[in-house]
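First, the structure itself, so that you have it in front of you.
Chain naming follows the written order as A, B, C and D, and within any one chain the residues start at number 1.
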Amino acid sequence: MMRRKLKVAVFKFASCSGCQLQILNMEDELLTLTDAVEFTYFLEASRATAPGPYDVAFIEGSISTPEQEELVRRVREESRILVAMGACATAGGIQALRNWLRLDDVKRAVYPNPEWVKALEHSKPVAEVVKVDYELRGCPVSKERLLSFIKQVLVGRKPYLRREALCMDCRRKGNVCVMVAKGIPCLGPVVQEGCGAICPTFGRGCYGCFGPSIDARPEALASRLREVGMKDRDVARLFKGFTGWSEKFRKVINELEGGAR
Amino acid sequence: MVEGRLIPKPAVIEDVVDEAPNVRTFYLRMPEGYPEPKPGQFNELYVMGVGEVPISVSDVTQEGLVAHTVRVAGRVTEVLAEASVGDVIGVRGPYGKGWPVEQAVGKDVLIVAGGIGLAPLRPVIRHIERNRAKYGKLTILYGARAPRHLLYKYELEKYASIPNTELLLSVDKAEGPWEGHVGFVTDLIPKADIDPERTIAMICGPEIMMKFTIKRLYEIGLKDNQIYLSLERRMRCGVGLCGHCQMGPYFVCKHGPVFPHWFIKKYFWVEQI
Amino acid sequence: MTGNGRESLEIRVSNLARVEGEGGVYLKVSGGRVEYVEVHIHEAPRFFEAILKGRHYLEVPDITARICGICPLAYVMSSSRAMEKILGIKPHEEVFKLRRIAYLGEWIESHVLHIALLHAPDFLGYDSALRMVEEHGDFIRDSLKLKAWGNRVLEVVGGRPVHPVVFRVGGTYRIIRRDELLPLLKRVEEMKRRARRVLEFVANLPMPEFRQDITYVSLRNDVRYPILEGDVVTSDGERFKEEDFEKHVEVEQAKYSNSLRYRLSGGRPYCVGPLARFNLNHDLLAPEVKDKLAELGIKAPLKNAFQSIIARAAEVYHAVVELDELITSYREPPQPYVEGEVREGEAAAITEAPRGMLYHRYRIDSEGFVRYANIVAPTCQNYVAMEEDIRRLAPNLLTMPREKAQWVVEQAIRNYDPCISCSVHFIRLHIIND
Amino acid sequence: MVSGGIYSGKFGELRKLFNALRLRGYRVIAPKLEDGVIRLKEVTSFDEVPYGWEDIQAPGKYSVREGGKHFRHGPDAPKRILYPPRLELFRLRPDWSVEYPKERFPPTALFAIKPCDLASISVMDRVQGGIGDPYYLALRKKLIIIVENCVEPGATCFCSTMGTGPEARDGFDIAYTRLDDNLVVFRPGSDLGVELLSELNIEPATDEVLRKYYDALKNASLKAKAPFELERLPDELELGLNSPVFKEVAERCFGCAGCNMVCPTCFCFDVIDEPELDGGAVRVRVWDGCFSYTYAEVAGGNFRKDLWARYRHWVLHKFAYWVRQFGVFGCVGCGRCITWCPAGIDLRETIKSVVEWVRSRGGG
């Protein structure tokens, strides 16, 4: 089934590089993988770069400057399959929290010469700028999912990864529900599976790095959390994390914060 | 054995026929020990590493090749549709309860099919053709989106020449020359010459189309126990294990996919059952 | 314009490869004189400063971790330690051990990534490590195994190698069981062997002749190789408390860069990271590491920036040896974490990220929300040093073909394993306004 | 000599029984306190079984305290052992030959499980057993079951309504009941049970003990009731298919499928086909649940795209369809889906409300 080598490119936008690192973290598979995959553009790994077109372009990072907007459009044109990789690319990332603030204030708070700094009004998920074919969620993406994704592309199928609530995976794994047993607020019921439910495994609630699950109902979770005694502002902060700018979470946050933006 | 039942066995594609846009028929040389499927049964077809989909048997040839007419609908069917002669795919089956061809002996048979829904009914037409004396009148009402979406165009008209057979076609939208009906396939029901007393109706198509058909059939006097339909549900195993295909208490894969209407009526009409 | 003659040279690399993040380098020499050296950092700003404001102190480690995916734990640890100082709490000794275990895991993962995948190809003239497999398969395999093991340490202790989830202010979210850690030891001897081989390999790489004249700065605590605690020491003989760090550095901003740059007081360029740590703490390395270095004829201090790869490999070997000890002696603490009384306050902390000292300072209010934050990443501190090195290299560059000169310039930057993602997220020394 | 009948002995006999199982080479799976929760885990010493601890359960809440007399089941059900959440079924080589994963089916003893969990095994026997799941059957064949009857059911238990407890009826090897700190009643339920009990220092129960025993169980039975009755429940629920109750409850539901996962009888699975780099493939079976969005999704749409429809399907499946499919209820009244629902939804209340709705409309 494996045909010619897949031309893969990895592009970085506003991000921490953690998602691309997950590619290099596939130590056990990296050498076999390169039999089937050619990284034609992957600056973190190689000096050698080849121009497009690419079979698959992985986009890491959110789009937050005018140059980035331009570049991602170009990448889109040159790529057969464009994958938004990680929370930044799929939901704007942690840096999207600035989207609730005024850009001018933000710049001034950070830079002595704010006028030197070019930035878009919002830190945007890739899909707000160009068409995205697939999303690989997570902060960072899971390397198992990344590998599975690549393998699926290699056999020529449209990749499929479950997008159900984290709770399913959490409980399959045999974790004890931290909400029920410890009263710890957890976003698991509304967050997409994929990380292996590691936060509950390590005794804490999910903080949402995989973003809303398919058909997530964050409003129901928010009202339950309030019912058990959490303050609105704390519930809002729980959602306002690595995927806070995703449409579904944004809505809940705005409701809780009383319609600010 | 559950694994045993879930293991696809290799089958060789011996012929591929392009039927319509995004629809192809694959004629398979089945693995040894594969039982002869009955009209209305389906197989699970598997593409290595890609996945598995339930597909009805759309013909069994004189040479024993088993045909499956596949419409591209998603992940698996998309890759499957690319397969060509000589390729090996996996099969398991045949599964499910088929059309009531035995109960219909001595009766008129009305076939109402929409789109890809003709595929599972084609074996019924074949069966009646081969056992013509055993059945009364055969009425085939078939509708598709447009003329080019009609399946089996190379033999469709020949159905009309099966003795004592009426064939009426309809399309949602005529493109180019078209002499048949334009509209819903259900519009054909009053046009056909159907004897409600002695007819067994077999329906396959989108659920909404089947519901309209049943209403129309009531209007011309058919009763629930004369109506059969083939249902579609998500299936992950095909053999009543995985739970996905339940409709009410029934597993569509093993209690169906063909059901008498009286049997499932209680659930079939409930919203999002 | 572009010449490879003896008098002038211009190099423009707008996208540096094999560094973490986005940066470029521009050099112009004319008439034998260096006109400018500019290391550009055009990584898009992410405004962490603005984001942190108003967040609860417990959320800070997770948020700042996202500044860098290569060394997230460093951020977790520096911020946690600063918060603990504010709250006046001290995590249990075994928690300290766990932190060290994880941190060493990160060192291994990050160092080996740099050694094998980013840096070594330079010395041997490869575009990427993936192309080295044919001729140097053993080295690549040793490295990948080490890296995988370092990641495994992080997975076991923290759930995943990038952005581990278990550490919090005051300790860990749950007790890490001894029986979870012990299986790591199954491969520890193998890892020591591989680490030795990697060290040997890099010690034998062809090294460009080069001598820095620069101040080295790192933590030092006189007990163990510095990671999580100590005073700041410099090769110029200074020693001061982490709290006083800002008093000893000067900060500047260049127009061409999104990153701030630091000098030691008096305008001295300085260098942090493996080379600095090695030069200032080599006496604290594990005995078998010292033996191996002696055998290889490597003596501290190392003043050739290109030799940073050796310091890195020595630290990897040390990390494996120390992990063996730490895991063997680990006992489960009675509580996973200690919780302090939330109170208003301000404090600073430094830990040794793989790339060098990472400084965090915070002020929180009486409810535990952040009012002020300042972070100084290692790469900002090495920034001036990088340009300095290139300046010093310029005469040699003029004797090389342009291609080669460009490569050496890039390599001079890669010597620092610059983490550009980190560097751009500095935080200005001023109060975030309400 | 022990034969059928009811025996009594001291608490210490339980330890002997436990040790006897270990000596015979069984892997003993028993309740075990871990991080504040009673799990079902392999246990190597009798002292790990949390006698002297009690769990406190309520919709969406769970905790334990020391000093209580009786523990109930925690989140883990026998399903986890007999029907694992993730199972690699086989690998296909590129030439279509089949490779099975190496599996071990150690002889296993379930010790001190609760009557509802025993009942869940008999439900699974009809479902997985009936289907012939070989993994299930291989473990099941060698399974020994020691049940602890419930003298103090928890606040989310409703086994007596479901007819599955608080006393185990059949299907066990030994059932025991702790009447007080040092008085335990034993009942063998199989030849093996008789054999194991013969090794203990126990005596036929006196009339006084028997009275105490029956009283205790009767008392317990009164506590473990749900606010509905089974008699016409399947029909009533089917009449309630259009009840607004499902929509109301679903407003609070997250659709996380946690209930599916903790339920000891939920059996749905998803099949994951993964390609391998060498051209072969692997097939994995993982627990799925009817609350998940994709559960009824097909290429052309979703048969239960709204959460209320999924919620309704689950309730109906447990309490109506299951009876028609397998001749038993799909619920054993363990209350796990109530305790372990992060939204704190109480299944019993839902059923009660649907039945009331049906009756108020003259149905049923």
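Simple rule for what comes next: a residue touches a chain if its C-beta (ideal position, glycine included) is under 8 Å from a C-beta of that chain, and two chains touch if they have at least 3 such contacts.
Model, not experiment: these values are computed from the prediction.
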Pair sharing more residue contacts (C-beta pairs) when A-C is set against A-B: A-C
Going by CA means, which chain is nearest the middle of everything shown? A
Could you please state the distance in Å, as a whole number, between where the Cα atoms of subunit C are centred and where those of subunit D are centred? 52
Subunit A to subunit C: how many Å between their CA centres? 25
Between the Cα centroids of subunit A and subunit B the separation in whole angstrom comes to 42
Subunit B to subunit C: how many Å between their CA centres? 65
Please output the residue numbers of subunit B that touch at least 2 other chains, ranges allowed. 48-51, 74
Would you give the residues of subunit D that are in contact with at least 2 other chains, written as numbers and ranges? 35, 270, 274-276, 279, 288, 294
List, in ascending order, every residue of subunit A touching at least 2 other chains. 1, 151, 155, 157, 203
Touching pairs of chains in this structure are A-B, A-C, A-D, B-D
Of subunit D, residues touching subunit A in the complex: 35-37, 39, 60-63, 74-76, 80, 85-86, 251-258, 260-262, 270, 272, 274-277, 279, 286-289, 292-294, 307, 339-344
The answer for subunit A against subunit B in the complex is residues 1, 151, 155-158, 160
Subunit C touches which residues of subunit A in the complex? 12-22, 24-25, 27-28, 30-31, 34, 39, 43-49, 61, 64-65, 68, 93-95, 97-98, 101, 105-107, 109-113, 116-117, 119, 123, 139-140, 142, 195-196, 198-199, 201-204, 207, 209, 237, 241-242
Could you pull out which subunit B residues touch subunit D in their complex? 1-4, 6-10, 46, 48-52, 73-74, 77, 88, 90, 206, 232-234, 236-237, 240-244, 246-249, 251, 266, 270-273
Please output the residues of subunit C touching subunit A within their complex, sorted ascending. 15-22, 43-51, 53, 55-56, 59, 62-63, 66-70, 72, 113, 117-118, 121, 127-131, 133, 140, 144-145, 147-148, 151, 158-163, 165-166, 168, 172-174, 253, 255, 258, 336, 410, 419, 421, 427-428, 432-433
